[in-house]
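What follows is a single structure, written as structure tokens, with notes after it.
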Amino acid sequence: MNWKIWSLKKSPWVFHVNVGACNNCDIEIVNCLTPKFDVERFGIKLVGSPRHADALLVTGVGTRQAAVRLREVYRQTPKPCVVFLIGACPCGTGIFYKGYHVEGPVDKILKEEDPNAIIAYVPGCPPKPEAIISGVVKALAAL
Amino acid sequence: MNQQELNGKISQIKDRLTAIEQPLPNRVYLSCESENCYSVNKFLFEEVPARFVIATGIDAEDCFEIIYHYSYDQTGCVINLKVFIRDREKPAVESITPFLPAAEWIEREIHDILGIDFINHPNLRRLILADDWPDGVYPMRKEVKK
Amino acid sequence: MKKSVKKPVLAVGPFHPLQEEMEFFQLTIEGEIVTDIDVRLSYNHRGIEKISEGLQFDQIPFLVSRICGICSASHPLAYVQAVEEIAGVKPPERALYVRTIINEFERIHSHLLWAGLAGHFIGYDTVFMWAWKYREPVLDLLEEITGNRNNYGNVRIGGCREDIPNELIPKILKELDEIEKKTEMLTKAILDDPVLHARLKGVGVLKKEDAIKYAVAGPTARGSGIAIDVRRDDPYAAYADLDWNVITQPEGDVFAKAVVRLLETFESIKMVRQALKKLPGGPVSVEVKEIPPGEAIGRAEAPRGETFHYVRSDGGNRPVRHKARAPSYVNVPSFKASCIGQHISDVTLTLAAVDPCYSCTERMAVLDSGGKVIADYDMLLRLSREKTEHIRKSLGLPKKKMEDLPIG
Amino acid sequence: MGAVFERKRKGKKMSEPLQSLFWILVFPGFLFTVFVGLVASWIVRKVSALVQWRVGPPFAQPFVDVVKLVGKEILVPKDAQQTVFLMAPIIAMATVMLLSTMLWRITIDPAKVFVGDIIVAIYLMVLPSLALILGASASASPHAAIGTSREMKLVMAYELPLVLAFIVVIIKTGGQLSLAAIAQHTPVLSISGALAFLVSLLAVQAKLGFVPFDIAEAETELGGGVLMEYSGALLAIWKIAQAMMLVALPLFLVMVFLGGFGTAGGALWAGIGKYVLVLVLVILIKNTNPRVRIDQAMKFFWVHCSLALAAAVILAIVGNSYGLSWL
């Protein structure tokens, strides 16, 4: 196995981007840090700068104003990086698909920016912390 | 002040209103034309005095309608003031933000989504639409589909 | 200038592991004192009101519960009450009680969540970890009742989707005792801590006149001595049958808001207990055939304040206009009154005290008069924590972390 | 370690430059220090997690982190001063490498020293901080700029007491300027020496960027403010440099204050014990203290620490002239 991928799997540092979510997915992501779920066990760490990140956790539909920022954050993230779409909204804009201010789904925005972006989907509204952890683990195993 | 006294108070401004409806004891709907908007709002906020809740901007096909919702908490009564703006080409109404800072955001929002101009608003900049949203496109107008 | 201001903030900006919504605050400061504050929304604008006009009446509760994940019981409730008023439907008694219970559970978990974040803002991360730990059983109960930890989607026009099974009641009561005990410890630890008194009292005062001018709602208003609460003033669901108090504090500072929230948690626990005891039998929903033309208002008290929905129907199966107002919409602009004149190390705290759904505070940049970004959220957070420590020292207290406090 | 050391002794046949290279790059120098440093940083993370009621990262985590960072893309901010931005981490790592090689070599082979190496060591200890300031200010980020100014103030704050502390040691040991000779003494067993040790421990805390003196860095992630703009291998170099500091600085304290590090048998274990003791002290201070404000830190170092150390210097002189070694 490529050593780059191997180390990426063992030490995914994640950066959380909200592009128009209802807070639920965000709270569940923060919940993953608390003692009940403690993701540091897997080497997963939330970092404060996209430049330090290996994975982006994107929540929200991708509103018109936030899409600009999402692209900027994606450009700042060193490659290789995995983008996790947490929740129904970034995966397919969910119930907001008709919204005039919605530019998502997020994978479309990212593919415009980089056609080779590695994207993993964790649907759910909101996905439970267990689902988020399991989604991240499965996506990493598939790399 | 109980509900009856509240109703009495409201009837003081009867001449400026075009309709008063009360479908439920604690739901009052008042209607007025846009030129009386400022003074009636001022009355509701300062004389009644009721708590401003929000305003709803509606595109009613032939005119624009702004409903100012006030809550009179002692009786749990919601006072709704419907203001009709008949000019569809250049809709404008006087801003109530100067005496009611709570209305700043909602007036900016209605300006964004319906294109109604609020005269004397201190800060009528874009609030909720994106920076790259085209000028002159108002998403809540009926003719705008997605 | 606008571009040059925003770029550094967004590009290297204060992203924080706890960040939630994307509201963007710009503070203008002179020296260390805040002279102006500006907010840009838009990042989270999804056009819900327009989407709502394209959905059928019975689909909308699921849309409005996604306005805010934490208030996902109050928004649908307010909407449904408006539609029921138009249709002239009265839901069965049991449904009203179930609605009350779900809403109070929501308040408990939201207030605990807030307590944790407030702890984080002043540098007590242990409070954050503990409060969020205590919150978990509430979410588990909600999951057991409605099938989801958040976004319960339990209200429908004419009643509730899911009933509370009678055999679950003993378990809920047991969990409530546990939650009450833990919350009591947390509350004691917070309210008896002299450092917190010094750190929070007199900070970010929202005077009563300003509170009226900015028309604030919920704990923000009650912390400024305005005794408003939709549950009491315009009773809905089963609140009129329950015995409880509206908690108010006259001071208007951060501490008062904290006290209001913590004490409200106990009132909520009390209400859930009463409601479970009085829970009537029968079905939880009635069939609603059609919505006649008309307009109506629905109100509900969300954890952050009054949720307000206006619905207008023309007799079709979709609303012509549906307006939703979340409490933060009036609470957030009141920062203009409470933050200006404050020291910048207090700003995060003042913003957090309003619980602006709840981490808008992360999106801040401090501007000097030239419009240059000179400080970010992390720095403000740091300043806030340093001040706590400073006060601790001036009180002659030893350096103490929350670990030493008798919680847990 | 003993076995490696023996092998090293036999390897005398190696040519002199080659051997020096081995010294610096492999055994006591770079690779070995990096290994020990990453283990130490795992201990720091694990203990912190336990305090927060969590399980914490697995043992190999710091190693994997570094390997991963090396494999990542390096992004240079477009407004940055490229050369300085790229050079800064390398300067930092090179100086720590030199420092640790020097310290280990003195430990292993005390005969091969030069007089005045303590001064060189002090000098080498300042350089990583300077490199950090250099790198951060080259990155053209407003947040890094705030961090830079704070880091600069902090360096100025703790250097004075640190030098005073070493003066105390030099007086106590009778004017020795060679680390090997100083390591024969244990100045911490006197009042002035203990004072000096305490102050240097706090200064080491600041040098490592740990609470309560992590003022220049954000709390949520590595090097927040100052290292914000670094990514990929450059960030890995910073991490390695920091891990090596985690070895070199406590080791330096052990040598100066606690009687040095043995190389065989009981002395070796005693040395390891002393290192772990210093490391645990550092972690405990990190986990039981809130962050202080920059002006508080400066006041603390300049006023309180310097005064205490001035007293310590006087005590040490008095003790020396009257033969009272406990002073």
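For the reader, a short list of remarks on this structure follows.
When the chains are written out, they are named A, B, C and D in that same order, and each has its own residue count from 1.
Rule of thumb we're sticking to: a residue touches a chain if its C-beta (ideal position, glycine included) is under 8 Å from a C-beta of that chain, and two chains touch if they have at least 3 such contacts.
The model shown is predicted, which means the values in this text are computed figures rather than measured ones.
More C-beta pairs touch across the A-C interface than across any other pair of chains.
Using the average of C-alpha coordinates as each chain's centre, B ends up farthest from chain A.
Chain D has its Cα centroid 46 Å from the Cα centroid of chain C.
Separation between the centroids of chain A and chain C, computed from CA atoms only, is 25 Å. Put simply, the C-alpha centre of chain A and that of chain B have 41 angstrom between them. Residue positions of chain B with contacts to 2 or more other chains are 129-131, 139. Along chain C, residues 12, 14, 16-17, 42, 45, 47, 50, 129, 378 each make contact with two or more other chains. Multi-chain contact residues of chain D (touching two or more other chains): 52-53, 218, 220, 224, 228-229. Here chain A touches chain C in the complex through residues 15-28, 30-31, 33-36, 46-50, 60-61, 63, 65-66, 69, 72, 76, 94-96, 98-102, 125-126, 128, going by the rule given at the top. Those residues of chain B whose C-beta lies close enough to touch chain A in the complex are 129-133, 139, 144, 146. Per the touch definition, chain C reaches chain B in the complex via residues 40-42, 45, 47, 49-50, 85, 212-216, 228, 230, 233-235, 294-297, 299, 306, 308, 310, 312, 320-321, 323, 325, 329-330, 333, 336.
Within the complex formed with chain B, the chain A residues making contact are 63-65, 68, 98-101. The touching residues of chain D, when paired with chain A in their complex, are 45, 49, 52-58, 60-61, 64-65, 67-68, 71-75, 218, 220-222, 224, 228-232, 235.
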